[in-house]
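Scroll down for the structure; my scribbles are underneath it.
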Amino acid sequence: MAGDKTNDPSPKVWHKTQLRVPLFEIDLGQAVYHGNYYHLFELGREDFLRNLGYPYRRFMDQQLHLTIVEASCSYRRPVRYDDLIEIHTGVNWRRTRSLALSHLIYRDEGEGGLILCTKATLNMVCVRFSGQPVSLPIEFVDLLKGWDSG
Amino acid sequence: MAGDKTNDPSPKVWHKTQLRVPLFEIDLGQAVYHGNYYHLFELGREDFLRNLGYPYRRFMDQQLHLTIVEASCSYRRPVRYDDLIEIHTGVNWRRTRSLALSHLIYRDEGEGGLILCTKATLNMVCVRFSGQPVSLPIEFVDLLKGWDSG
Amino acid sequence: MAGDKTNDPSPKVWHKTQLRVPLFEIDLGQAVYHGNYYHLFELGREDFLRNLGYPYRRFMDQQLHLTIVEASCSYRRPVRYDDLIEIHTGVNWRRTRSLALSHLIYRDEGEGGLILCTKATLNMVCVRFSGQPVSLPIEFVDLLKGWDSG
Amino acid sequence: MAGDKTNDPSPKVWHKTQLRVPLFEIDLGQAVYHGNYYHLFELGREDFLRNLGYPYRRFMDQQLHLTIVEASCSYRRPVRYDDLIEIHTGVNWRRTRSLALSHLIYRDEGEGGLILCTKATLNMVCVRFSGQPVSLPIEFVDLLKGWDSG
């Protein structure tokens, strides 16, 4: 199962995305619905890829997807409507055709105070639109290497 | 992280829920969006609790929630629009104030053929609406005991 | 209400779909999020088409969609978690390449009591996957004629 | 179109919100799911209220909601993944306890080119959390008057 690789390296570098939590993500328990945290991770991942210089649309322009094959999430504290949050996105590991990203969601308490609310890891595989796994694009890998060592 | 309890007992008894996958769960990759599988797990869980004789509404009538604290999901094969699926729901373990359910999603291939597509475990804690953890309701635990041994 | 084109014929025959409202449709106001009612209309529409003998998948098998071009909705009473509802689906009008369906959502109060909660009209056009409008499939139109006059 | 009450005044002033369309809003037809446009309208509305100086959280802090009672939407052109869009939000009319906002979604074609894709009107009523209608907060009305005449 996802997350049981006890020796997963933790990312050393994190990309940070700040946003306010929309009302439509909140459920009747007054916090983000547990499945909707994947929207927040996606927003962090999209922002990370764009900032890296390889927006997700470039995968799609080549008829490629990064399809999620494993995900695990630890919900420590609730994230509520209108909370100002920081989504931290980092690279856990990378192989020829796959990649694991970690996401941390912090609530911004003001004056630099950040409280960790959510912690997740998503493993993804590069596939053609047909579903066939393929190597990650070379230029993307080169940008990741620069990021990792940056 | 979720799912790294290697000695988690696997459920011996499974509750089964059959449904067709709605279009609104599908994303541009032509399969269920990875975060939307939690809708399918929820439908299985609700059906399980109702069948057990303790529908989720009874938790809410007592100002209680089963709040998800850990989740892990393995996406093995895509689940697509209009697929006829079976959601299997079982109890992994139970403690005084917490519970782990497993969900398996099978695609029904007709003539009794079932293909495993998705496998997930959700850990949840019983909390008051205020967020304070409390013991699982006694009557609910008794019903679970009957289910486990059933 | 919005969409009350006074000379729109009201459907004479209604298809009825009964279901319980899932938790994931509910927002922090304790009722279905206004945009999520479209999930309920979709469930009613899918059920109507399947019952008619022309499930939506048959459109897709021909590389066709019924794409929504206009929608209006009147939210009269809230629909809440676990409410038992009836979604009534009817045909407002039909042209060569387009169709309008109406949906009424009733809350089932038990003992035959139904309270009208939501009223909507959705206009849709038959298009190829490319987006080009085309005539509604002949067999579908024939089934609709049978339904209308049924 | 639905909701084209011909004597509805059209907003004279528009608040503009720019964003990129997330993947999780897209359905199998490669455009935003028709019910998910309400997420985009919500993001525009939230941004408008914050900019006005009366963020929605202030309603909630007073145990108030602006609950949607009528909505109509005209889907003219599809909005796709990663499209850069502008959501225009304006005030149609205001009464003691209710308000109508219009939203226009434009696709930004670069070099100042904007293509109108979606047009919607949402009527809302100010209610207590209990559901009882009440007057719009005086300070909010004063800010709206300044906006209208600005």
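For reference, chains read A, B, C and D in written order, and residue numbers begin at 1 within each chain.
Here is the rule we use: a contact is a pair of C-beta atoms (placed from the backbone, for glycine too) under 8 Å apart; a residue touches a chain by one contact, two chains touch by 3 or more.
Being a predicted model, the structure only gives us computed values, none of them experimental.
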Where centres are the averaged C-alpha coordinates, which chain has the largest centre distance to subunit C? A
Validating interface symmetry: for the copies subunit C and subunit D, is the fraction of residue numbers used by both over half? Same or different. same
What whole-Å value do you get for the distance between subunit B and subunit C if each is reduced to the mean of its CA atoms? 29
Whole-Å distance, C-alpha centre of subunit C to that of subunit D, is 24
I'd like the Å distance between the centres of subunit A and subunit C, where a centre is the mean of that chain's Cα atoms. 36
Show the residues in subunit C shared as contacts by 2 or more other chains, in ascending order. 23-24, 33, 35, 38-39, 42, 81
Building nodes from the protein chains and edges from chain pairs that touch, which of line, ring, star, complete or other describes the result? complete
Per the touch rule, the subunit B residues reaching subunit C in their complex are 20, 22-24, 38-39, 42-43, 46, 55-57, 60, 81-82
What does subunit A use to touch subunit C in their complex? 23-24, 26-28, 30, 33, 35, 81
Using the touch definition from the top, list the residues of subunit A that touch subunit B in their complex. 1-4, 6, 29, 33-39, 42, 65, 67-76, 78, 119, 121-122, 129, 131
